[in-house]
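We call the chains A, B, C and D, going by the order they appear; numbering starts again at 1 in every chain.
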Amino acid sequence: MLSRPPSAKSRQRTVPAAPCVLVTGFEAFGDDPSGQGLNPSALAAQALHGQVIAGHPVVAAVLPCVFGRSVAVLKALLKQHQPSWVLCTGQAGGRAGISLERVAINLDDANLPDNAGCMVVNQPVVARGPAAYFSTLPLQAMLGALQRAGLPCELSSSAGHFVCNHVFYALMHQLRKSPVRGGFVHVPYLPQQAAGTGRPSMALQEITQGLHVALQAALDEPSLQTLS
Amino acid sequence: MLSRPPSAKSRQRTVPAAPCVLVTGFEAFGDDPSGQGLNPSALAAQALHGQVIAGHPVVAAVLPCVFGRSVAVLKALLKQHQPSWVLCTGQAGGRAGISLERVAINLDDANLPDNAGCMVVNQPVVARGPAAYFSTLPLQAMLGALQRAGLPCELSSSAGHFVCNHVFYALMHQLRKSPVRGGFVHVPYLPQQAAGTGRPSMALQEITQGLHVALQAALDEPSLQTLS
Amino acid sequence: MLSRPPSAKSRQRTVPAAPCVLVTGFEAFGDDPSGQGLNPSALAAQALHGQVIAGHPVVAAVLPCVFGRSVAVLKALLKQHQPSWVLCTGQAGGRAGISLERVAINLDDANLPDNAGCMVVNQPVVARGPAAYFSTLPLQAMLGALQRAGLPCELSSSAGHFVCNHVFYALMHQLRKSPVRGGFVHVPYLPQQAAGTGRPSMALQEITQGLHVALQAALDEPSLQTLS
Amino acid sequence: MLSRPPSAKSRQRTVPAAPCVLVTGFEAFGDDPSGQGLNPSALAAQALHGQVIAGHPVVAAVLPCVFGRSVAVLKALLKQHQPSWVLCTGQAGGRAGISLERVAINLDDANLPDNAGCMVVNQPVVARGPAAYFSTLPLQAMLGALQRAGLPCELSSSAGHFVCNHVFYALMHQLRKSPVRGGFVHVPYLPQQAAGTGRPSMALQEITQGLHVALQAALDEPSLQTLS
């Protein structure tokens, strides 16, 4: 977990600071083929920590790759930082570009154990929750900005059934009656993870740039501008 | 085509310079999905131009993506620069890593026109030439070095049937009785080319690093050291 | 549209017939690479028409590949045949096996025109409908039966955003307060469609067998047995 | 190994029989993901055994999936049956169609052990043999016939580096001064092998039909007609 962002200091001033953007990544998990304990989502989130995008300071945090506990940590972060935007990110090995997830499904159905050794199969994320939530991020604006930046990107309609979708669904459930906007983005393997697998990869610099470009586009979206 | 490398000046000294390494890339062609006239092989070759690897200066050049003419330009470069090593490179859209080509086939069989509008179908590269030549680069050493550098890479057994294989075969035919070692490497799309295609890509910095690492490994290979 | 199934005659007997299983396929559309006007889903549905599975006669129908009209036809079929089970099927070019769809999304977002020339982009299937519905078919039992039959199969979490998902969502919305169970299955290209594309295919006989095996497993599922 | 074909009887007649077509497949090996000991190439070859194509009886045989021994068995078959055409076939898991191999490489480089437990790495098939041989089958005519039959098919420029390429190279080396024509064809997984892998498959009936169609086209090719 990271310490408070540089912008925290500005809260002591008379002009109230803009609310922050919370960006989360995940710790490494069993799907890291390099076995080096890498997860590009955590590295990219950390690289954005403390930056200011469209006037909003970025607060980054790394979530445990564990069903249940990841959501508890996320809820604590929401409470602590009171962000006006939330972007959760995770690693999608095998995808070639930055994937803007459209929809979170109320389904945990792992095919490998989480980092606590637990393999949740065919369970709802939230009992009696609705089947799905859509992302409330302005995905079309984010996609356009990524395309203009020449970065491989796509809309995706499935965030899978592992801890990524679990956190995405729990986030959207938590925000369901809130004006705070949130969503989830998957990023490819790093080159050093993909080496030897024949699978696509993206350099950390481009992943970080991609998240920055997408956040900039989201926060600049006039119709969705939050009041500060 | 690039001007003479910086090392040319050193030839005025009394100690003769080590022979150069010739690295070629290709100009953009119809397989560039970005339509921006990009070819990562040319950009990476140019980035290596003038560097000194294991004591050998790199001379880079860009070949036309044209059957026949590409080989004429290559032969002129061989004559002009008298390299002791030759690495030809090209773009292989859809591959995820740096591909060390094992074998050049005596077959031109294009499925798109070259940059002169010619689509050569089912013809030999060299009439009455042998069916194939193996690369004479130390591919296992190069592959190992790329793996240690954490770069996606692979051995490949087909350089296709377009101008890449055409140049590769012609190079090996030209070198068949020579101590000069040569071969071919394919590189992936750049991110800005792959954007919107769903296909893998690699950042230019990593492609360039990969060619450097592979050349370093080749030139360091003791059993293959050329006499200068 | 097909005529009534052979079992209709049995309704004249004193013992009431079991309610039917409605199986729909789609007419050919722009994604048929063979240009021969093929759609394996329609052919397989028609091959099942009139068969009796676990005591239930199969009624097959072919839906138009048109946003809106496809749903109107489906609703008329539901009203006419009063099925106790509904299996809608469609073609998913590029998939290698029979795909049991888990979830229908409230999103139409076509990237090619439907058969009426209309390309619906980024619209809900049902205005103010929930984000998604889960299939109410016993997918795990169906998957197990397909695996035991040695047929390539998988669970899928995205039915896309074209007319297939449109019909799937509309079906589940229609059945949301009904005891009738329903869902959607995607099938691969036929060999003659895949020829020349490099994409996977499945013979019609196996597709038809797969739908039969999956329906048999669904209708045999004791906990879900419908009352006849 | 199979017994003599039905056509053997005709050799007792005064009119000499046409020379046979030798078709080989491979026994199952470690790449069979079903673990059921299947290899579609052997099953398809056996299904063709005894058929007469363009006047030539088919003799089928199954080769061991063992470096060295496979070639010894092939040579014995060539000596025993004196075929005028030889089609060796093997399984290429992951390919979606019937692959007509263009070129055999003088390279054994296995990444799994053969059925004798031996994993040959980076060795020539024939010491001091040429780098490669082209197939001498009329591949364009065969490809056209497969396309007209609506069967997924492709030309391939790499038969890999396992026992398939080993046999292919050894065959072409054996035939290099002979009028007998030969080549190699790879076939996809069977559906029951691909189940659970997400990889493409082809029904045995279509694989067998494909080999028949391709052989028919080869034997009908006027310019290549053998004298009987």
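To be clear about the criterion, a residue touches a chain if its C-beta (ideal position, glycine included) is under 8 Å from a C-beta of that chain, and two chains touch if they have at least 3 such contacts.
Because the structure is predicted, anything quoted here is derived from the model rather than measured.
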If every chain is reduced to the average of its C-alpha atoms, which one ends up farthest from chain A? D
Separation of chain A from chain B, taking each centre as the mean of its C-alpha atoms, in whole Å: 39
Distance between the CA centroids of chain B and chain D (whole Å) is 35
Roughly how many whole angstrom separate the Cα centroids of chain B and chain C? 51
I need the residues of chain D touching at least two other chains; which ones are they? none
Graph shape for the chains shown, where an edge means the two chains touch. Line, ring, star, complete, or other? ring
Following the definition at the start, I'd like every touching pair of chains, please. A-B, A-C, B-D, C-D
Under the touch definition given earlier, write down the residues of chain D that touch chain C in their complex. 34, 96-97, 146-147, 150-154, 191-192, 194-203, 205-206
Please output the residues of chain D touching chain B within their complex, sorted ascending. 102-103, 105, 107, 122, 130-134, 140, 157-158, 160-161
